[in-house]
Amino acid sequence: MLRFVIKRLLLAIPTLWAVLTTVFVLVRVVPGDPTIIILGDQASEASRMELRQRLGLGKSILSQYFDFMGQILHGDLGRSLATNRPIVDDVLAVLPYTIELTIASLIVGTVIGIPLGVLAAERRDGPADWFARIFSLAGVSFPAFVSGILLLMVFSVQLRWFPVISSANAADPLERLRALVLPSVNLGLLMVAYVTRVTRSGMLKALGEDYVRTARSKGLPYRIVVWRHAFRNVLVPIVTVVGLYLGVLIGNAVLTEIVFNRPGIGKLIVTALNQRDYTLLQGLMVVSAFAIVVANILTDLTYGLVDPRVKTQ
Amino acid sequence: MNAIPATPLLDIRDLRKSFTSRRGWPIARTSVVKALDGVSFTVGAGEVVGVVGESGCGKSTVARVALRLQEADGGSVNFDGADVLEASKIDMRAIRRRMQMVFQDPSSSLDGRQRIVDALGEPLRVHGLASGAAVRPMVARLLDEVGLPNSALDRYPHEFSGGQRQRIGIARALALGPDLIFADEPVSALDVSVQAQILKLLETLRAERHLAFVFISHDLGVVRYFCRRVVVMYLGRVVETGPVPEIFVDPRHPYTRLLKVSSPEPDPTRAVAMTFQEGEPPSPVDPPKGCHFHPRCPLAIDRCRVESPVLRDVAPGRSVACHLAT
Amino acid sequence: MTAAAPPAPQPRRRLSVLGKALRNVGLVLGAVIVVAMIAAALGAPWIAPYDPDAQDVLLVLGTPDSVHWFGTDAFGRDVLSRVLWGARVSLYVGFVATAAGVVIGTVIGVISGYYGGIVDRLVVAATDVLLSFPQLIMGLLLVAVLGASLTNLIIAIAVTAVPAFIRMARGSTLAMRERDFVDACRSLGFSDFRIMFVHVLPNILDELVVMASLWLASAIRTESTLAFIGLSVPPPTATWGGIVREGFDNLLDGPWLALFPSLAILAVMIGLNMIGDGLRDASDPRAPQ
Amino acid sequence: MTAIPAPAATAATDGPPLIVEHLTTSIHVGSDRHDVVRDISFSIGPRETLALVGESGCGKSMTALSVMGLLPAGVASVTAGRIVVDGVDMTAAAEAKRESMRGDRIGMIFQEPMTSLNPVLPIGFQVGEALMQHHGLTRKQARARACELLERVRVPAAADRLDAYPHQFSGGMRQRVMIALALACRPRVLIADEPTTALDVTIQAQVLALLADLQEKEGLAVLLITHNLGVVASVADRVMVMYGGDVVESAPVAAFFARPTHPYSSALLAAMPRIEGEGGLQPIPGQVPTLTEMPVGCRFQSRCPLRIDRCALLPPLAAVGGDPDHRVRCWVRMDT
Amino acid sequence: ETVLNIGMAAADIGQIDPHRATTTQDKPVVSWIFNGLVRFKPGSASLETLEPDLATSWDKSADGKTWIFHLRSGVKFHGDWGEMTAEDVVYSLKRAADGKTSAFAPDYAVVESIEAVDPVTVKIVLKKPIPALLGLVANYHGGNIVSKKAAEALGADFRTKPVGTGPFQIVEYKSNESLTLISNPNYFRGKPKIDKIVYRFIPADASRDLAFSSGELDIVYGRQDQRWVERFSKEPGTVVEVVKPSELATLYLNEGMKPLDDKRVRQAIAYAIDRPQIAGFKGAATAVPAVSVVPTGYLGTDEKAKLFPNDIAKAKALLTEAGYPNGVAIKVIQTSLPTMLNSMQIVQSQLKKAGIDLQFEVVDHQSFHSQIRKDLSGAVYYSAARFPVADVYLRQFFHSDSIVGKPTAVTNFSHCAVADAEIDAAAIEGDAAKQKELWKTAQAKIIEDVCAVPLFEQLQVWARKTTVDYGYTFEGAIHLGPVITEATTKK
């Protein structure tokens, strides 16, 4: 198991390298540099030039690239151009937020999506099926920033169940959990459509399988047939879609993070891009690509848990 | 029927093919299946050779490798003087026109989105045998040959019954006017009465077109009816070959014997002895040492467990791979 | 044998794919929605009650009423007209970006899956790299590099679609290769090109169509997200995403501004998904009629 | 080890464990209704094997599913007749009652051993599940009992394989697991729908032998569905031939093979390939008409060499050769 | 513990090094941490209100070139950085005058020397007398006094951990999230009544508003928008304050680019713009039409400058005269920041009526800054507030030294060079009246040449809960936000 994880991580190195190189090239093609942020808009061109030299931005692209790679190889993400803080610190500060939000929205997405999908499959073409399909789409149709504000207006301002600023009382675990609810619902809704879809089509297929008939021939109640026999077989495609979604969530979290005032990798990436904080941006892209690689590994490991055909052989 | 000509049409020698598969979680392990472990036999022009053996013993693989749908690991395939395994892409086109295959599963071997007229017309067009308006009548003739009405032309495969689809598969194999057809269990998926229809059809075609067949099956009854000679396979190896009546009257290899006693006859007075034959068919991934059949063989002796028997002649036209056979 | 010729099957009433499609309520409904949206988009110059760009300082954030059905925005522009005009851009971006992504991704995926080997490995590796970028971030970076314009927006969205479709087309092609008919084609001496694009492709198309319909919707949503960051088609051109974005700024003063374009997106999503599902059912010979 | 109470019904009823009277099953195509099983009656006593044979699509599985109460919902339903399993009228009973009968008093083995077992649940659990459901056994008890059952169907090293999954088993072994599963609650009736068609001949022989052995020990009434007349000849007591939803011939096995009377029965026998002896492989001309094109009256008439005008009326199932057990549905062949 | 929660419209802090902090989100924080020798009276943005801060008194030589400041003694820096002495003041002002460490170096070009006479006395010698020297040593931009020891010891880290003498000191910075400050117990005006300030970065307007409505924020940065002001004015328990200074939004026309090199085209643009309408869109509560190319209230602003009136017919006629009867198209690099983009949409729509087509190329904000400085845009929309002396504004935006592309470039996007003489002369003019006249001429020349079209001025908007009392009347915010002082309270 451990060996597998290590092996997979090693195999991911070329991918990470390619991601890094792409980011490196892309950010240097974008016009703009961090001097506006550091020096403000009243500084003269000369002092900007001077700062650029000092930050190493005046060096040739190639030597910047080698410097950067050298640093990464030493396991050092470097320091932020804008704040000069170690990037690792910035990342570690927001990572817990990103992880908890991702996990919580996965839970929301599956907890809503799966029963909806099963229901839709059971009542194929009936009103319940139509409801499930349309409802699940609503989650993806409303841009996250709109749905987020709507949630805030109802649940935070009107009902006062949850805080608006979800990072406000981060120290108190209970408060933190409370603050997590709305953002994860908002982000999780994005997943519902996909989970519902996969579950529905998987269930439709599974319910037609011979083993379901076998289960019924044992005289099992329909509930048990559905959940124990049919549904278990749909877990594999669900895990696939959830795994794929981990990556999507990390990116799409930006909007939710902005609306709910949460720190997070996504938001930090956008800030870094906006400030042309190259080193920070690079560091964050490494982290997020790495997170996706880890998500893939987790997905693979999960296959083994939900599908004995994968595990035993 | 026809005598066996001096130089066979198809000569398969010592054909080998292994599949490696990687399985396991989370760390995959590689395992090797020797699907073909030195298979040799010949087929004369217009001759029908049956290949029998249980599921997974490598019957389909023989056909696939001989047609270069999969590349062999070793051995040779000679078709009418041409070395098939070494043939270039262009030569292969010519060879394939003369060597065709009817696939085991009629529904998966047809493109579900193609009408029959296109499915059968396409090879004609591609090989320049017909074009434009000439295609349709030609396809109609082919369909007629396999006993399907003209109305079938514009239908999709799923609109046919299993037996009809199998006929379409046969018509497609006939389209290019081949000399040899690999028929891979063409009737195993069918009902007895439909099965009889197809076999009749094949017999007629053989006689009319002087076609040679490699007829793959695991049903001795079917093979007995249709084939002149038979090759019995077990786990990637040939264990017995011989002419049809003799091999069924007097099987020499214990596996052939087991096959025979296990095949039930529709006659209650001669009900076969339903026995619990000891043991399961061994896994092809990890075949037993020596004679592959020894774990299930009632006669096995120590030698069988260490030394694998070679195929040797025991009577004119008959050979057996068994240490104990006479 | 001739004696055993089966009787000509009765000329049963056969349903063409279209016939089945028509029986599929969802498909028809979906098509009606989408066609209506497209018609509205194309007809915007004639249908739209007002000039979508005409500003009116006296009508800032007017509530929906009988004059301005969808209300007015922060510049006093008619929201209904903007939503109609916005459909032109948003649907165009969605369709073109998805089509580009689907076509490129599918072609690469089919070739890669069919041939396997080293090409396949490289394609898989490249796909992995592209998929390691959070999708939205990739789009953001690209728009930042290329600049915000209609074409660049399409490129940015298409680029995120390509790896997904490569992966999917490749997977389906691999599955198809297992089917005997590909071998049957090879044994008939067909060229690889013919097998890939005349035989394999149509058979994996229905899955692709379903996915494309989902993707199209997500492309439209991506436009709105990029608009949120401020990187969509430059103003004053109306796009759904742009309207939602402006609506977001005024969410507390004029919620209708964000609501109507969001509903338009929802309608398109529902329509497209119904079409996707319906097409799949209709092209599946075994689906209940 | 908990002793499983023997089915109470053994004492309660002495009659045949399975009685089917005038069963008609229809499928619904749009607004149309077609009878896929027409007016079938039979009964099976303890230790008796009734073989149901016929061409593909003639309604064999529909008969079996009707008896089990597992007809595909919304597609097919029992429209007439009575099915009595172990004294309980299944057609009249509520779904809950039928549920409690299934798996307990009546079990079924399906054709495809590859797909009939749930790939993600361990073998032992699947075998013992019905016991937990019907007899309230705990997981542990069910597991112990599953182990015994697997031993009985001669799964080698059964105890070690309780936690194995179906894909780790070969086809023959899986079919044995299916048998163990169907017999877990010691039902009185077993329906085997083409239990060996998917298997190789050598494995088929093993499975059929096992089934015969268990039937003897448990006193099962077996409805064996097959289209392999060789299998019928080897294991059945009585034969019922179906064509197009009708029973066309019903006879003790010896009588059937000695004197196949209905033209379809003899044609079927003639189409069967044989390993030894002469004959066989005479195809039946034509094809089974589709449901919508079924002729009125005798359904075999479109392919029958003996067709007369009267065939437009459905013949009764009448005795032949003075043997009340041998009945045939044919105007030409029936005793007059 | 009294905690003041303040919500700011920004994704993150920019710089809190006082000598570099220029953005709206940075400046208020600086004002809580630092002191100058003198200070703007809290709640004011006017030079007239300057009052003693770290200096208790000062003397000026007759020629106005030498200034002696007497420092307050016993003032302690935050933490363990010791007492504030003349040495720190000298260090700080020199640091502010150094282009490597300061964004405001040009402002200090006039300074000849700074020296510590003794630990509590600082002498500043000027090259020439200037009217607003006190502004340079006020608690604003370069005038903030930092701890020498801390600045030298922390180096680059000083950016996020600056050390001053003000009422609050930084304890924690969470990027993208918040900045936390606690009260300085040794503050020389007394320990602040507020114990802690949590300064939150909430970029989404709606979320920020909701957080304020729900009571999670005590003070919130307001949208410079009529409806915002109206909505929150109605909300119970809320006070909305609209304060100076105003930012002047101006459209700079690039004279180096066709067709804007033709003065008639530029004039046409000036005629096409309807200032009152723009201000109308923005709302009377927060915006007023611009009066000149320098914001109102600055020392030297010509409040009655002769701007072009709105006259579409004249604009069209001028275009025809210039040879563009069918109108012109002008490429404009435009930021994606919504407030700026929205204003430009109004301008775009107005110009369209005269046949002038502004073609936006929308890029993200950093690209915008970079590209306008590379002289790539035909017109630049820019909105700014500067030190309230006309010189600064005129020099940065209209002096030829500041033309983009030059090493000395700042923000002269229009390549304007018509008023160099007046700007330079005014800078060294000792006589206030004459100086004012020179500035007035400069403004007139710039307007006449249409280097730029001033559009509107926008005031700062802040809202607070009634529970918060700043301890002064909040009328102006030279730091763009409320100064939280030792007297500020929260109930």
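Of note:
In order of appearance the chains are A, B, C, D and E, and numbering begins at 1 in each one.
Here, a contact is a pair of C-beta atoms (placed from the backbone, for glycine too) under 8 Å apart; a residue touches a chain by one contact, two chains touch by 3 or more.
Here's who's who by UniProt: A, C = ABC transporter permease; B = ATP-binding cassette domain-containing protein; D = ABC transporter ATP-binding protein.
Computed from a predicted model, the values in this text were never measured in an experiment.
Contact with chain B and chain E alike is made by A, C. Put simply, the chain farthest from chain D by mean CA position is E. Once the centre of each chain is set as its mean CA position, chain A and chain C turn out to be 23 Å apart. Inter-chain spacing, taken between the CA centroids of chain D and chain E, is 91 Å. For the pair chain A and chain E, the distance between C-alpha centroids works out to 39 Å.
If you average the Cα atoms of chain C and of chain D, the two centres end up 50 Å apart. Multi-chain contact residues of chain A (touching two or more other chains) are listed as 30, 145, 149, 270, 273, 312.
Annotation for chain C: residues touching 2 or more other chains are 4-6, 9, 144, 229, 248, 251.
For chain D, the set of residues touching two or more other chains reads 283-284, 287.
Chain C meets chain A in the complex at residues 125-126, 128-129, 131-138, 140-142, 144-145, 214, 217-218, 221, 224-225, 228-229, 241, 244, 247-248, 251, 258, 262, 265-266, 269-270, 273.
Contact residues on chain E toward chain A in their complex (touch as defined above): 11-12, 14-15, 20-23, 99-100, 103-106, 156-157, 159-160, 174-178, 200, 202-204, 206-207, 210-211, 213-214, 216-217, 363-371, 373-374, 384, 386, 396, 402, 404-411. Taken in their complex, chain A has these residues touching chain C: 14-16, 18-19, 22-23, 26-27, 29-30, 133-134, 137-138, 140-146, 149, 193-194, 197, 247-248, 250-252, 254-255, 266, 269-270, 273, 285, 288-289, 292-293.
Only residues 54-55, 161-163, 191-197, 199-200, 218-222, 224-225, 248-249, 258-272, 274-277, 280-281 of chain B touch chain D when the two sit together in their complex.
Considering their complex, residues 204-206, 209-210, 227-228, 231, 277, 280-281, 334-338, 341-342, 344-346, 348-349, 352, 359-364, 367 of chain E touch chain C.
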